[in-house]
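Here subunit A shows up in two complexes: once beside subunit B, once beside subunit C.
== the complex of A and B ==
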């Protein structure tokens, strides 16, 4: 297992290296001076210019410039934003928790509702139930997320007025950030209004998280159902039945753990799609996360923000997909068999 | 009263080629404490019969039977829940594919412990430990020495023989009244085979467990079983006490099987043909009408296109229009 983890770490480092290389190459193509593209300082003083030249080795050859670039970026120096003139790293660390909060809540909705519904769809003998579940999930899978987000906010936000349609929290509450997650921050907030603030944060997250959860939810339902249908026909399920075990024991102890393995694998594959959907949802609901920050950066030709955002998002996705693969292997004894055979 | 009494059990499978009778009017009687052998080629429906008795049918099966009695209770009338309660406690089964019959995602030990009987006498905090101890005891009995190691492994880490022993331990731990052993020694070396058969017959003698032993090897079955049932292509050919069947087979198929058994007396000339029936067993979608042995049978005549009914002669049953050493029944003109 140790050797396997080392190999995965190696994969992470290599992919990140390629990512930084791509970023470095594209930076030189930005239609602005290299100094601005690298640091975001539009009118540098002579002293600053001197500094930039030494940090980024601008007088050296391409390779030296690349290593200087990688060194600066990895030490957390992402430059300053061209529009706001604040350090990009600061803006990024402010935006990331909001995105994570949204992603975690939608992921939980998708898995906690999707897996039971998938199991139910596979066990149901009733054709009407089966077909309606499949029809609904197929519809959910095909609905474009921007349309869904706008429709939901139109109905539940504007027409019915039940839920807020933008932001994370009402401006009335001045919650100090502790974890960056609004749901926990409001609970930790030392104020008599903490519960009303929590309720407000919860109301704010409902619409965006449901919009974002629709796609992974449908995928989870369909994959869980397919895997369960396959596994319920396996000889070990028949053998467990023949041992006289209760159906619920068979499903929960023998079928479900085996069925979740392909679900986990597909979640790893879905990360990229999920991230781009998350960006769209953030823009629609003005969620102050990385997505809307990055999109506004693109609109404003804020080259340092684009670089920083792409670096942050891509590193997160690489890390998470490798993490999911490691979890998948740790959890699934069968893939360990393949690993040992491969070594 | 027989423990298990099945009359005219028919299993139809829905296949892409239409509905086929994989098992046609099979009758089987097992008395308490009997070691009953079921012999047949692969594809003759032995496993289907075992699963029908147990009550774990596949999704495309249609089961019809005139009678299916378990110890005086009608199995056909029972609800799925009642059948499930019988399984494991009264009827246990050892499946053919031992590695596939164990869950690959959980360790063997936890599956074994799960199958152990729950002892209500033991207080609940000691119960898991007690069940683990019982599991180890049964593993010892089936001949596994390194119990700790086997119990902490996954099914795919063990050899097929070890998996089979684990399956046997699971099946017999609840001390069932009927044990269906579907090729229990399929993937084992000879010494282990003998060990398993000894274990089964000891179980039969000491605990009065009836055993339905399914195999394709007539010579192994003949050594251990009290009674034999010969199955060919989903039809019962002959059934009766082992000694009598071996001594004087009524049915041409039984005789062919006996002739197949190599004797090492040296009477056979060098490079001469082995005694076999011409042709091969029919595929499920090309079953002949009437007696399914018909096209291959040396005794076959025109009448064999109608299925012979099962004849009863002094503790022996056979389904043939032209049996050896006996007269056919005359009540089969209608069938």
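== the complex of A and C ==
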């Protein structure tokens, strides 16, 4: 296991290296001066210019420049935003928790609803139920997320007026950020209105998280169903049936843990798509996360924000997908065997 | 009149016929196939069928609801948008932008992915693992981020969508083909062919490839639906097709200003995207279940 972890760590480092290289190369193609693209300072003083030249080795060759760039970026210096002139890293760390909150809530919705429905679909012998579940999941898989978000906000936000359609919290509540997660912050808020604030935050997150949850939900249902169908045919399930165990015990204790392995694996594969969808959902519901920040950055041609955002998001996703793979292998001895058997 | 069968023996179907039979037994898959055929026809002949040009503005028919609404007219079957442009015509003109372009992108990334994937799948050891792992990592970068980078360098536009979505899709093909080739390579029949003295190109093309095509086909259908959604999403975010373009995602974003007064300007292009992606997914699903008995 130690050797395997080391290899994954190497993979993470190598990928991050490639990512930074790609960003470095793109930076030199941005249609603006190199100093602005690297630091975001539009009108540098002579002193700043001197500083920038030494930090980024602008007089050195490409390789030296690349290492200087990597060093600066990895030490957390992402430059300042061209439009707001605030440090990019500050804006990024402010936006990240909101995105994580949205992603975690929709991930939870997807798994908590998707797994039971998938199990149910696999156990149901009724053709109509099976077909309708598959039809619903296929539709959910095919729906363009921006259109779904608009339609949901039009119906539940505007026509019915049940739920708010933008932002994380009503402006009435001035909750000071502790964790950055609005749902926990409102609980931790020391005020008599904390529960109404929590309710408000909860209402705000419902529509975006449901919109975002549709894709992972359908994938989870389909994978769980396929895995369950496969596993229920296995001899060890037959043996458990022959021992006279109750169906619920067989499903929950014997079959489900194994069925969750492919679900976990596919979640890792789906992360990229999920992140794309999350960015679109954030734009539609004005959710102040990384996605809407990054998209507004591209509208304003804020090159430092683009670099910083892409670097932050991509690193997070690469890290998470490797983490999921490691968990998958730790949880699933069969794939470990493959790992050692193959050269 | 049913033919009288004198002999017991059945006609043995070829694998392709078997797949087709399994596929056509599934009514939903067949429905999807018909829909995809219709979409293809529309993508090619749409501009000739369309009653109006996509940019033609009718100042007398602004924000006209679809014809089934009481105040709609048959001249503008699906209604008009805020500039009086006929939505039906725009949809038809946009079909080759959204649907046709998705096919083009998938074809391009399929070719690239096929070449890289089969080379890296046939190789062993460090070289193979470097290629596949790096592409694994690329796979985890969201397509939207790649698109943002491409747009930052080249500016928005439909041709840049080609690069953005293409770069995002290629690693998926590489990964799928690499894994399929690699898995087949471990099997005994390949060893048998090796012992017979086949060189690696023969092994690749005549021994392994016939068993990899299914993976390629399934991955292609998945990629087409992903490509349509990506193109439309980029159009919606104004990073892809620009304002007057009848690309479906861009049409949704153009209708956004009138969402409350004229929801059909958003709903109808959205439904068009949904239907086309659904049709492709139906075909993909049908193909997968038709191929699965052979694959397992």
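Everything that follows uses one rule, which is that the second predicted complex is superposed on the first by the 340 of 343 C-alpha atoms of A that agree within 3 Å, B and C clash if a C-alpha of one lies under 4 Å from a C-alpha of the other, contacts with A are read in each partner's own complex, and residues count from 1 in each chain.
Here is the rule we go by: contacts are C-beta pairs under 8 Å (C-beta built on N, C-alpha and C of every residue); 3 or more make two chains touch, one makes a residue touch a chain.
Computed from a predicted structure; not experimentally measured.
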item	value
Room on subunit A for both subunit B and subunit C (clash or fit)	fit
Touching partner for A:332 - first (subunit B), second (subunit C), both, neither	first
Touching partner for A:191 - first (subunit B), second (subunit C), both, neither	neither
Touched partner set for A:298, first subunit B, second subunit C, both or neither	second
First (subunit B), second (subunit C), both or neither touched by A:62	neither
Subunit B versus subunit C, judged by how many residues of subunit A each one touches	C
Touching partner for A:85 - first (subunit B), second (subunit C), both, neither	neither
Which of subunit B and subunit C A:317 touches, first, second, both or neither	second
Touching partner for A:254 - first (subunit B), second (subunit C), both, neither	first
Contacts of A:129 with subunit B and subunit C, given as first, second, both or neither	neither
Which of subunit B and subunit C A:238 touches, first, second, both or neither	first
Overlay on shared chain A, then closest C-alpha pair between subunit B and subunit C (Å)	9
Subunit B contact footprint on subunit A (complex, rising order)	233-236, 238-247, 249, 253-254, 257-258, 261, 332-334, 337
Residue ranges of subunit A in contact with subunit C within the complex	11, 14-15, 18-19, 22-23, 26, 29-31, 135, 138-139, 141-147, 150-151, 154, 158, 269, 271-273, 275-276, 279-280, 283, 294-295, 298-299, 301, 303, 306, 309-310, 313-314, 317-318, 321, 343
Subunit B - residues contacting subunit A, complex	51, 54, 56, 59, 84-89, 92-93, 95, 97, 100-106, 114-115, 154-157, 167, 170-171, 174
Subunit A contact footprint on subunit C (complex, rising order)	28, 124-125, 133-134, 136-145, 148-149, 151-153, 155, 168, 225-226, 229-230, 232-233, 236-239, 249, 252, 256, 259-260, 263, 266-267, 269-270, 273-274, 277-278, 280-282, 285
